[in-house]
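Letters A, B and C mark the chains as written, and numbering starts fresh at 1 in each.
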Amino acid sequence: MMNSINNVELVNNLVNKTIEVLKYEVIDKYQVAYEVEKRDVHHLLITLKSQGWKQLSYLSAVDWIADNEFEVVYILFNWDKPVHIQIRARIDRENPVMETILPIFPGAKYYEREVHEFFGIAFPGNPDYQKQLILEGWDDIPPLRKDFDPQAYSDKKFPKREYPQDYSVTDPKNQRKAKRDARKERATSLRGGKTQ
Amino acid sequence: MIVNILVGLGIALFGFVLQTGIAGTNRKIIGRLQKRHGPRWYQEYIDIFKLLSKRSVSHGWIFDFGVIMALGGIIGTAMFMPLTSNILAFENYDNFFIFVYLLAVGMLGMAMSASGSGNPWASIGVMRALTTMLAYEVPFMIVVLTIVKLSGTSSITGIQLFQQTAGNNWFLIALPLGGIVGFLSLMGMLGKKPFETYIAPAEIASGPMVEYGGKQLGMLFILHEISVFIEVSLFVHLFLGGASNIFEFIAKYFVVYTLANLISNVNGRFKIDQVVKFFYKWPLLMAVTQAIVAIYFGWVI
Amino acid sequence: MKSTKFTPRTILSNKEIDRKWWEIGDFFRRNSLWLLMYCTGCCAIELPPAMTSAYDMERLGMGPMATPRQADILLVSGYLSLKTLRRLIYTYEQMSEPRYVVGLGSCTINGGIYHDSHAVINQLDQYIPVDVYVAGCMPNTEAVMNGFVDLIEQIKLKKANGWKKYHKNFDWYKKNQLDSLGEVIVHDEFHQ
């Protein structure tokens, strides 16, 4: 059996032979990540699938709002070699479109629906990526985008409980002061000072 | 005639009170078995009266009528049950086959009502109940027919008296294999744990009872208690030599029901196909062996 | 005047008779409370010790039930997302009356740690009436049992009137449900 460092090198050779890698990162000895061009993703996925990475573990996205870009992340899993492969591709944030990978991994159907629901990325080629999956009747911008304010949405949509009195334990200063004053006053009165 | 009917209704009422009390006591016993304090012994009564005090919804007249039909059928069956060898409402009408037929009225009413609710779990539950019935009836019938052949009568009182006369033994001892088969079939009839497939609260949400709430569920609980009374009494009379007085009956009844409950509480639940396979394998084999040994060879202990 | 066989009895008014029947019914109801456990939140982990030999809720006559029709208490354990709230309202309306609601954990009271989430509601009693809240994140098992005892006490004192409130203020509750949920009807592609 090969050890894991060899596995990482093997993956590295394979990926570099197939396409041009923009950025390469070894997360630990069981995980490697490649950042590639958007157009190379499908080619790379087909190659890796034929080499044994035949399970799509996860498909998600990251919102890089400062770069005005989304990053789509595909995580592949191999049942024989202990290496997870992450494939990352940056896409435009204003017009987020990513071709579907349904012909390669049919199970990606629901992942793509979820990503569309939470980030608003379109997946042309997937017949029902626009259907709702988790959020029922959503009426705002997709909630996992960085410019979405969950606090404001929650305040608008769900009534807050109003307390007649603030029971917070972090602000007992005034009470403490009042108690201290009362104690001092009582002490002076006992010592024969002014009585109330 | 009116006196007979009143005595019959009294027997049904006695059966309800007895079985509900013993069921509550059994819940306490099971609680102690699991190192809990357990509920009060009269908890079952409270449960039933609470259900009767609640409001309930209807799913159409078949749903309501089926419950009443089932309850009526079961009370009608219980009226024919002899308590001891001399307490009996209708003389000469305590044939074993009367119970077999009349019990079907109650079961049919419940099946009809449950299907009338339109819930898929209810249909699955009813189907499973009928399948379980099909499974346990075959070995049970073979054993009972053996008993009928040996005692020469199919009257429950007759069978009791046959066992009580000098020289004859309880059928549980005379036909040991048959006794085991009878007890296993009793567990199936009562819906106790290994054969609990048609109630299965975690699996099919209590099966036929899934849509019942409030008063209808209360009536179903009464129905259940009375039908348990009929089934356990049948076992007592057929295999344990019946009873010559009421206290003996209550003692035997309590022992049989508690034993079934204790066995139930240390078992898991079979799947429905496992229930059928089980009953058609060992109990059927044992019942046929017992019948051949007892009738053709005449080897009765 | 000493009442004898011949003095006319005071005839109870209908209201009085009704009250007496309710008192008898309340005795049975508070001694046999069946739970429907809506365990979608983390507080559900407090229920196994409450049910089994550690605290044994069966000695109060309580026990788990399989369906909403059979149950008396709807036990909401923890946070409710919009998706589960729709199902919860369905479930609540299926239960047979009198019905009671117990909310476990701070999530049902004011949103708890999910107070700023886009998917989780903040106050349960805006949508269905709640009889007893058990505060804590998560509450101790003692606190949960104490909540049940409180509910029993409330039924005894005729204060557990949540289901009557739901009838009386039905429009208000429906309006709140529609405001937060958009629509209560469940559209589920897997069951259509």
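In this text, a residue touches a chain if its C-beta (ideal position, glycine included) is under 8 Å from a C-beta of that chain, and two chains touch if they have at least 3 such contacts.
From a predicted model like this one, the values you see are computed outputs, not experimental measurements.
Taken pairwise by the contact criterion, the protein chains link up end to end in a single open path, with no chain closing the loop.
A simple rule picks the central chain: find each chain's mean C-alpha point, then take the one closest to the mean of all protein C-alpha atoms, which gives C.
Centre-to-centre separation between chain B and chain C, using Cα means, comes to 35 Å. Chain centres here are Cα averages; for chain A and chain B they lie 58 Å apart. Residues of chain A in contact with at least two other chains: none. Under the contact definition stated at the top, not a single residue of chain C touches 2 or more other chains.
Considering their complex, residues 82-83, 86, 109-111, 115-123, 126, 176, 179-183, 186-187, 189 of chain C touch chain A. Interface residues of chain B, counted against chain C in their complex, comprise 27, 31, 34-40, 43, 46-47, 49-50, 53-57, 201-202, 205-206, 209-214, 217. Residues of chain A touching chain C in their complex: 131, 134-137, 139-140, 143, 148, 150-151, 153-154, 157-161.
Interface residues of chain C, counted against chain B in their complex, comprise 24-25, 28-29, 31-32, 52-53, 56, 58-59, 61, 64-70, 72, 95-98.
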